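Have a look at these structures, which come just after this line.
After this come two complexes, each holding chain A, first together with chain B and then together with chain C.
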Partner chain A sequence: MNPSFIALVVALPLLAAFLLPLVPKVLRRLVGPLVLLVVAALGMALWQASLSEPLVLAVGGFRPPLGIVFYVDSVAALFVLAVALVTLLLWPWGGDASENLDRKQSLTLVLAAACAGLTVSGDLFNVYVFYELAAVTSYGLAAGSRTAAAQVATFRYVILGSLGSLLALIGITLIYFRSGTLNLAHLADLAPQTLHDPLGLAAFFLILLGLGVKAELFLVNTWAPEVYATAEARVSALLAGLVSKLALLVVARLLVLVFPLPEAREALLVLGMLGMISGEFAAYRARDIKRMLAWSSIGQLGAAFIAFAIPGPAGVAAGLAIALHHLVVKPALFLLAERWGGSLARLAGAARRSPLGAALFALFALSLIGVPPLPGFWAKYLLLSGLAAQPDNLYLLAGLVVLVTTVVEAVYLFRVVGVMYGREAKGEDAGLTNTGSANTQPASALAGSGVFAALLLAAALAAPLLAAPLGRMATQMSDGAAYVARVLPSTATLSGAAQ
Partner chain B sequence: MSEFALLTLLIGALSLIAIGIGGLVLSRNLFRIVLALSLAEAGANLLLVLVGFRRDAIAPIIEQGHALTATMVDPIPQAMVLTAIVIGVGVQALALSLAIRAYVAYGTLDMNVMRSRMETDISDAAGAQPATSQHAPAGGRPLPPISAPRLAHNKGAQG
Partner chain C sequence: MNALDLLLSLSALMLLAAFLFGQTRVYPWLAGILFTGQLVLLAGSDLPMAAGVGLEIFGQQVGWQLDGFGRYFALITIGAALASNVYMGGEWGERYQADGHSLRWLHAALAGNVLAMLLLLSSKDLIAFFIGWELTSWAGFLLMAQGGERALRAALRYVPYAMGGAMAVLGGLVLTLSWTGTLDLLELSRVMSTLGNGQLALLLALFAIGFSIKMGLLPFHLWQAPAYAEAAGPGTAFLGAISARMGLFALGILLVKLMTLSRVADLAFIDGLFTARDLLAWVAALTIVLPTFTALKQNDARYLLAWHGIGQGGYMLLGIVMGDATGSAGGLLHVFNYATYQAALVLAVFAVMHRTGTADLNSLGGLVTRMPLTFLVMLLGIIGLAGLPPMNGFVSKWLVYRSLMVEGRPLLFLMTVIGTLGTILSVYKLIHNTFLGQLRAEHEHIREAPWSMTVPMLALVILAFVTGVAPGLALSWVAEAQAALGLPVLAYTLGGIESPRGSLDMLWIVGVLFAGFGIGALLFYGAGGRSKRVHQLDNYAGGHFLSADVRYHYSDHFYAGLMHRIGPLYRGSFTWLESAVASATDLAASLMQAWYRQAVPALTLLVAAVLGLGWMVWR
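Right, the complex of A and B next:
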């Protein structure tokens, strides 16, 4: 496959986003979904092509390390596919004034482009720019529900997000100061001499904290419950499901390529553990379903950070499994919670009013906890077996944390399922339960989460078949030397596409 | 530029960042928070320019007829600073417009007041009792009700 196609996965949604208002009204609603379908098809093709060998595109024909480089290995291609599919499932189809809908569709397309850009970028500054692009579009989408609470939540999100970007920029400055390059492959090459010292580690921590804002890392995740409780369910699903995973992916790439140091891994491990403990216990205390899901997603991302802290392909495989599982489950849960979106007490008897919705919720909850035939079990199994194989005590402690928080997770999720299938409140408390149309989900939300459920069940059935590609992807991603060799071949070719 | 001037600039950049981050953490007024953010960003941009500085170097512009013998300052950080400034301006404008909308809705610029009113709004919209209140500073019951009788009992206990 010609590597030039890589540029299209970023360029197409970006172009479509800005040209959308110029398209005739009749066709306007078709543009976004069509573009996303094309990107999904490209992602699929890239994935098949990159499983054997990663693809590299030197943008504009300037060779790396001076030129900008797009790098697609099988993991990046899979995330491109995921970006397109998840954005399509969470697409704003309607239910809004025409002008507003245009804006939302444009913003969603820019977000898709930024996410695709984050996965394929091969240099730090492009990562920074795409990260900012994703950040600004998510601010716009979060403020889109127009309630007063949403404005305050988004303001706080903007401030924390800008602080994160600032820290990341300072980190990138430090890296450039020490090494004089921003290309990831070149950095990987130079890191042992220039960056494996306290200053380099400080740069890594700054970038980790900066990108951690989007990845809901412990310390910088306070925005998540507020924004997810006030934004539309679709937007919460996009932020929790998609954007957080891409920030995580960038951190994982940096860890593999530039900072494969025990100190960096320990930092990830400790922050992941703290995130898991704080997230799951806060979810246990939460009284309304949206904030419960928000805290639970912080806990799950903590688990993903723990997984990526395990050295070698085992850690990458576990991290990918957890991230992909969460990518499918959490958006679906947010979609289901859209109309239930209330206190847990309001859910009483929800199963009778919306049997399919409640059944899907129970299915996702079971997978999130990790009940055996479902994919969540395999993700946690990979994580725990990876942790157990490490000699260091810190990893064993992380394993313990994962097990204990799983129990907490089970308690609060089963509690919700129990309330849904329980009796409806009677008498004076009937005012709390909101009977009537408000408790039934719109068909689109149900259909969306139905597709996610189908994906989940397909993954459960095909689990033995998925092990081999997952292993190959993890090996490919954790091989830093191969990345360097692919982007910076020793033979000096002057052709455009570094072949 | 002398060693002293360079050091002054470096210290200036770092203190701008420190003042900005301190202001972000300590301020309660929404506009001061945005101002602190822009101070910190200015510091980071200055740091970035300093990284590209070379002693006795000229601006990185190639002119016709000039030999390329002179040292040039590193153009890459300057390009990055331009990008960062543009992004920063956009984000600050967005933050200010959100602050105005929040002010219109809540009639205050105090972050603490605004935050507690937002929490109340979220809880109200969800139909959940707030996690903490004046009557129960440490929070109410740890578990939401499973069945109706227990809910009634707990409500009675709290009231």
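Right, the complex of A and C next:
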């Protein structure tokens, strides 16, 4: 496959976003979905091509490390596919004034382009650019529901996000200052001499904190519950499901390529554990379903950080499994929660009014807590067996944290299932219950989460078949030397020149 | 397709059928035929039954194979399901549906439980085992949650216990994989006992905690009584009969097959004085005594039986932990025996509920004349539960007692006797308050339960009686289970056991018992056989005639004198412990929420960045 197609996955949605207002009204609603379908097809093709060998595109023909590099291994290709599919499933179809809808569709397309760009970027400069692009569009989308609460929450998000970007930028500057390059392959090559010291680690930590804002990393994730609770369900789903994973992916790449150091892993491990503990316990007392899902997603991201902290392909495989599983489950849950706002008590008897919605909720909850044979179990199994295989006790402690928080997770999720399947409130409490059609899901949300559920069940049935490609992707991603060799075929001369 | 494939396919087919048309009248017949077919298939197949299908996932082989130990539990599972299925196939199910419940889901939950348990019982490696374990837990949850708001609440209380147990098992599983490099049960039976004491102790703790929760061993037993008692009738019978025994199955595999009891006895707390094996034995003994006396206090017949279910599990584990041929046979045989009479008793209580609408022991009485067959079932059932001849409960308990005496554990023996004493007291309360004494005026027109309900109940107590008279019938399965697990095998006869240190022949015992009845009858009829039928309400007290409107049935504060003595011993410590854990979780949750509600996140970010940088530089 011609590597030039890689540029299209970023360029097409970006172009479409800016041209959207110029398209005739009749066709306007079709542009976004069509573009996303094309990107999805490209992602699929890239994935198949890259399973054997990663693809590299030097934009404009400038040889790396000078020009812009797009690097697509099977993981990046899969995430391109995921970006397109998830954005398509969470597409803003309507229900808004036309002008407003145009804006939302444009923003969503820009977000998709930025996300695709984050996955394929081969240098830190582009990573920063696309990260900023994703950040700014997500501010716009988060404030899009136009309620006062959403705007207050978004304001907090903007402050944290900008500070985070600033920290990441300082980190990148430090790296550039030490090594004189921002190309990831080149950095991987130079890192042992230039960056494996306290200053290099400081740079990594700053970037970790900066990108961590989007990846819901503990310490910098305090924006998440309010934003997810007040934004439109679709937007929460995008942010929690998609954007967080891509920030995580960038961190994981940095960890594998540039900072494969025990100190860096330790930082990830500790912050991941704190994220799991804080997220899952906070969700335990959540009084409404959207905040509960937000905290649960903080916990899940914590698990993914823990997974990526495990050295070698085992860690990458576990991290990918958790990230992909969460990518399917959490958007679906947010879609279901769209009409289930307000106090949890108002959900009493929701299963009668929306049987399919409640059943899907129970299914996703089961997978989220890792009940076999659903895919969530395999993700958790990979994570725990990876942790148990490490000699360091800190990893065993992380395993304990995962086990304990899973129990907490099961309790709060099934408390909701219990409320939904329980008796409807009578007498005085009846006023609190949404009756009639109030909390039945709109068809589009049900269909969306139905597709996610189909994906989940297909993955459960095909689990034995998925193991091999997952292992292949993990080996590919965790092999830093191969990355360098692929991007810089003449590595020896380059590192010679640097010395 | 071989036998195990066929068995599992039949089970899966039933689950599908239950979902599709579980609410129709045809389904119970179909399910009855399929369950019977499964029983025949299971009993008639050569062991071990291996599944033709196996998977490889993430480098692990996942496969299924049923040996004698698994088959023993599988037979009981399907038998209990068959009885429950017949029971709910008739009038009970119609009433259940008319009350607005979903019979389809109840049937589906039952079929799902059977499938999950079969998968668990035939697991060949720890992955298959864990899949079966989790499916059993959640299928059990589904069965518990049906039957109204209280059932749902009780089932939700089970969730943290079940998940805690599952996570302990999963933790043990990944550590096992990391330390031994395999998850295959056969392979593990060779290598696990060679692990060092520290590793073995940690694995034992994790697995044993996980398995004890399902079994309802102290101190993890609180969930079980409400969850089982509040479920829909036949669901309660099935859960009570076999569900908790999955924990025993797993403990048996862990203690005997994988770790071996002698290795467990190596793990000493105080050198040579108290070992992990002793700890297990004492936990089992305490599980016999404390829940049994909690059962004594219950005023709801369903709760009374459910609490006994927890206590009876103690006998089973105690027998297995003794590890000799007699004790382990007693423990294993008790699984079958207990399942027969417990299912019968629960079904009898629900038959009474079906007619009277209550299981409250203070609002019943005198039903013996109205529901004589149900009375007979309960009478035989409680004789079994109390462990008296001629019912089968006597045989298994006798084997356990004998093992304790022969092996020189007098204190444990004393505990079992105290437990049995409590059992006798409370089952008398059960039958007295339900069937004996004064009939309440509102129950004047009660009829016997319909045949769909009495037939499975009677079949179960007949089975309990027959295997009490000829325990050899069930002991052949037990011997097979012992052999499969690697325990010494009991030398049994049709009537019991033949041993130089004391035999047991139930054929003789029952023969003498009935000869005694016969002599009594001869004397009575030889003396003319004079008797006079008195109406139940024709009674007097203190020289006054009593009529139906005067309440004299003594049920409130039953055993008031005894309770006066032992009442202060009930401390509710476990309930306190449970609520303490819940409060601690709540507190932790509030603290975490406070973190997310902080007013100045930017400042936190700054502080975090500075601290993190400091840490990185300091490292």
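As a convention for this text, the second predicted complex is superposed on the first by the 490 of 499 C-alpha atoms of A that agree within 3 Å, B and C clash if a C-alpha of one lies under 4 Å from a C-alpha of the other, contacts with A are read in each partner's own complex, and residues count from 1 in each chain.
To be clear about the criterion, a contact is a pair of C-beta atoms (placed from the backbone, for glycine too) under 8 Å apart; a residue touches a chain by one contact, two chains touch by 3 or more.
Nothing here was measured: the structure is a model prediction, and the numbers come from that model.
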First (chain B), second (chain C), both or neither touched by A:Pro464: second
First, second, both or neither for A:Gln151, with chain B first and chain C second: first
Chain B versus chain C as contact partner of A:Arg415, first or second or both or neither: both
Touching partner for A:Leu163 - first (chain B), second (chain C), both, neither: both
Which of chain B and chain C A:Arg285 touches, first, second, both or neither: both
First (chain B), second (chain C), both or neither touched by A:Arg423: both
First, second, both or neither for A:Leu15, with chain B first and chain C second: neither
Shared chain A contacts, counted only where both chain B and chain C touch the same residue: 156, 159, 163, 285, 415, 418, 422-423
Contacting residues of chain A [partner chain B, same complex]: 125, 129, 132, 135-136, 139-140, 143, 147-149, 151-156, 158-159, 162-163, 165-166, 169-170, 172-173, 176-177, 182, 226, 229-230, 285-291, 341-346, 348, 415, 418-419, 422-429, 432, 434
Interfacial residue positions of chain B with respect to chain A in the complex: 17, 20-21, 24, 30, 33-34, 37, 40-41, 44, 47-48, 51, 76-77, 80, 83-84, 87-88, 90-91, 94-95, 98-99, 101-102, 105-106, 111, 114-115, 117-118, 121-123, 125-129, 131, 139, 142-148, 151-152, 155
Complex contacts: residues of chain C adjacent to chain A: 55-59, 127, 130-131, 134-135, 138, 145, 149, 152-153, 155-156, 159-160, 163-164, 167-168, 170-171, 174-175, 177-178, 585-586, 588-593, 595-596, 598, 601-602, 604-606, 608-609, 612-613, 615-617, 619
In the complex with chain C, residue positions of chain A that touch it: 156, 159-160, 163-164, 167, 198, 201-202, 204-206, 209, 219-220, 222-225, 263, 267, 277-279, 281-282, 284-285, 295, 366, 369, 371-373, 377-378, 380-382, 384-385, 387-389, 399-400, 403-404, 406-408, 410-411, 414-415, 418, 421-423, 463-464, 467, 471
